[in-house]
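Sharing a structure, written as structure tokens. Questions coming.
Chain lettering (A, B, C, D, E and F) follows the sequence in which the chains are written, and residue indices restart at 1 in each chain.
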């Protein structure tokens, strides 16, 4: 799979060293994933931000939560679908395929989550996330009640908002600097 | 100024201790600002996220950058205006009033930044930020060129995207849980 | 508070005298409010329209109605929030602060009326007004029924439509000529 | 042509007399137009507003202005097309057909003004009006410069904004109470 | 009624003969309607497409269906109203006037179908069609259930989607090449 | 790859035979593609429409044209991306991967065509198509001039409009009846 011709559209600059802790983290990525996700390489332009960003990312996507990792990845993709963010759709679409073992589910999250055969819990979560992304000012207590009716706890609702919010952040960084995903994602977990 | 009747619309739960480091940080807020910003109190529901969030926030808003602190606060308010986020408009609108010494400028950022008498640099930055918030998929190289033409460096462009992205995140957390700002902000820096 | 550098973006022209009646009215404004609202000064460019506009304005905002003056000012601000009209948000936001004695209420009307703790009557009125402003073609009998269910009479419904309609008018005049509000409004009724 | 089954969706109420001046005005309408326009009959519910409304309407549409009466009617229809207001499209669409002697022009203003063969002056005016109606907060000095480049004076620009603003008002009254136009308009000036 | 100055904005080219079958069809149009609809003349630029287009058009609009011809024409106009397509509004607006014998109904379909006094069946059909045109990705099983509740069969639902879809096609061809309708439509069936 | 649990959301009905010609066409599909595309199976509900639809489809996508087959498939996917149509994104996304030999290009067309490295000709074509789909009433002569400047002939412009229009049609049929694509597409041409 050919590498894209740019990591971002920012022009190359002499940036400071990312430091030992981040070098170790990048190596861990290489060992575990076979690559350093391009988003981390992009943040290396501003090393003081890189560590804070990576820490928050890991807290949101990997730490203990009432939301499963698949649910968090589904949120990531649906937010990115609303915002049409190529980077996050490619990277997190692959994660949905991998965690669910269902390639069609990954495509559905990317293209239009409404066609997927979801549990009522999943559908309520993703409808909330779509609305929070597209017309956040219209979220009302009735929307939170829909989540509670599906068994989401108060902490879960916080995590849904936090996760959906976070990808509204990364989507805009990716669009803002035209960040390209690692090409390895495309062919993974297709069958 | 009366306290709002809720911090967020999440129901009270027994949440874990926020830990020593965060207790110290809250105390520092009390000492320096006379209050703990409600967003931090809200994140205390998920203490493991609180530290990461606070660290990233401080990196974005307070660390060294080619963008002045006022510019970063202007970005925060304009993003929040596009998203109609009450919490962030109140808290960061006050910051614009305080840092600029110009109460009308704060109001203009809240209500419609296009009426403000801005430098060409500020206007280009805020037009970019509005577009990145409202139709992120339409950002193009020509938009970045507008920023470069105003003297923004590659790192500055990164920081503009990162800051605008971050408030697209916090706006959605605030909307998602109906987070109320500390009432102290309202009367500050009005003249 | 410094005066803005322009009243409107229209270039100065020799305009006819506004006439005795309007001179007296302007003097009355000075005596009562300490200023002539800039909107009236702007209409002085077309004196034949000034009197008709002022008369209709006073009929809508000050004459007897089933809607309180505060309710009419809340409508003015919510319409102006939907349209992001700086002039009307500043001038009528101050009126909401003054009439309600609640500075936070004024800010909420400006920034996002949905976060305010309103009576069911107020909320129904403002939801109607937001919809009539943003997607007027979708107003249906069911929307009017919501108003009737809150005790609004047929005349009240007429007045809600008339008031909301009127600020959709003034918002567009203000945007169209970039009309600046009197700076005195900013600091008033903040505590 | 059958009468519609309702004038507005407001329920009949005992409303006060409209007074001698307005009775005379209604008679003048009957004499001159063969009917009392339904909008005036609707405002008769609130007689104190009727006179002020009629006066402002006549000032805007009939008084001396750098804009021709046809131009003002074209503005009325294009605003009403953006807002999809049945009442104003029927009543002012007929006025465009009558004043221009061109039935196709009336239909084009109603359906999509962009297909009409217009002078550059007319097109600039209507593009401004569409934008002022649909996204008023985006009007900028460059939009006014387009008008000036077509020979519009400062007073003309004021009148364009005032006229466009006014129909954003009446469109919302008509939508808000579901006001039906007099059926006589439909068949007039079709050939 | 004067002819428009262009059939489409495509520049004249030497196009191939349309062939015997289509010549005969054009003659049949002249005999029956007194004109060849301009859309067919426009497709003559690409004769291989003309026959297929005409066949599908006739199948959709004229063949047996659970939808009456008037219902299909109402769908055509409402889709074209959402898309503001001058060609189809003129041509199919006339068809609604002709088939219904109600000139006001034709105008209502063009300007805002929501003001028309419709049967519950017609209203459900047109609400579905408006949504399918404006936000197709939001159509859900509940929308189809609304149609079934009005007595539409599965084949009828297919035909509603097919007809609405088809005019979303023709509207875009007409906009894309700026296709003008035959002027004869304007004056027909006005009383 | 598992079959979806529904072809469409229409309930099974006894539908007439599709006839000999279409049976032969379905067999040809099976022989050539290894499947009958689900859209054809869905149209079999209305056999009289099936033949006309298939003929027009083939004329648009397979017949001689100044547009290459890949260009036509790119148009299909970009229209379907704007409309978020799962069926067409899956089926025609695969066609872009197959015809281009570039799996990333297929994904880019689906997710956000603006990130793709395109020729100026392709980019102009797809920008036109996106606009024709999303805001057809705003297409102007200047948009056609952009196409001509890239070497597109008048017939090519017709074909671009016709192809883009056609997928605005099929997208709405697919959304309207919730049509699922054949699962075989997903895994094809991924590397």
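The rule we apply is simple: a contact is a pair of C-beta atoms (placed from the backbone, for glycine too) under 8 Å apart; a residue touches a chain by one contact, two chains touch by 3 or more.
It should be emphasised that the depicted structure is a prediction, and the values quoted were computed from it without experimental measurement.
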Worksheet item: From chain C, how many touching-chain steps at minimum until you land on chain D?
Response: 1
Discussion item. Touching both chain B and chain E, which chains are there?
Written reply: A, C, D, F
Worksheet, complete the sentence: Relative to chain D, largest Cα-centroid distance belongs to chain A
Practice prompt. Report the inter-chain centroid distance for chain A and chain C in whole angstrom, where each centroid is the mean of the CA atoms.
Written response: 43
Item to complete: Express in whole angstrom the distance between the two chain centres, defined as the mean CA positions of chain C and chain F.
Response: 50
Practice prompt. Quick one: which residues in chain E touch 2 or more of the other chains?
Written response: 84-85, 112, 137, 178
Practice prompt. Spell out all pairs of chains that touch, sorted by label.
Written response: A-B, A-C, A-E, A-F, B-C, B-D, B-F, C-D, C-E, D-E, D-F, E-F
Discussion item. With touch defined as at the start, can you tell me which chain F residues reach chain E in the complex?
Written reply: 9-11, 13, 15, 45-46, 48-49, 52-53, 55-56, 59-60, 63-64, 83-85, 132-133, 136-137, 139, 141, 144, 153-155, 157-162, 164-166, 168-173, 175-178
Worksheet entry | In the complex with chain C, residue positions of chain E that touch it | 112, 114
Worksheet item: Can you list the chain D residues touching chain B in their complex?
Response: 137-138, 140
Worksheet item: Which positions of chain A touch chain F when the two form their complex?
Response: 1-2, 4-5, 81, 84-86, 89-90, 103-104, 107-108, 110-112, 115, 117, 178, 180, 183, 186-187, 190-191
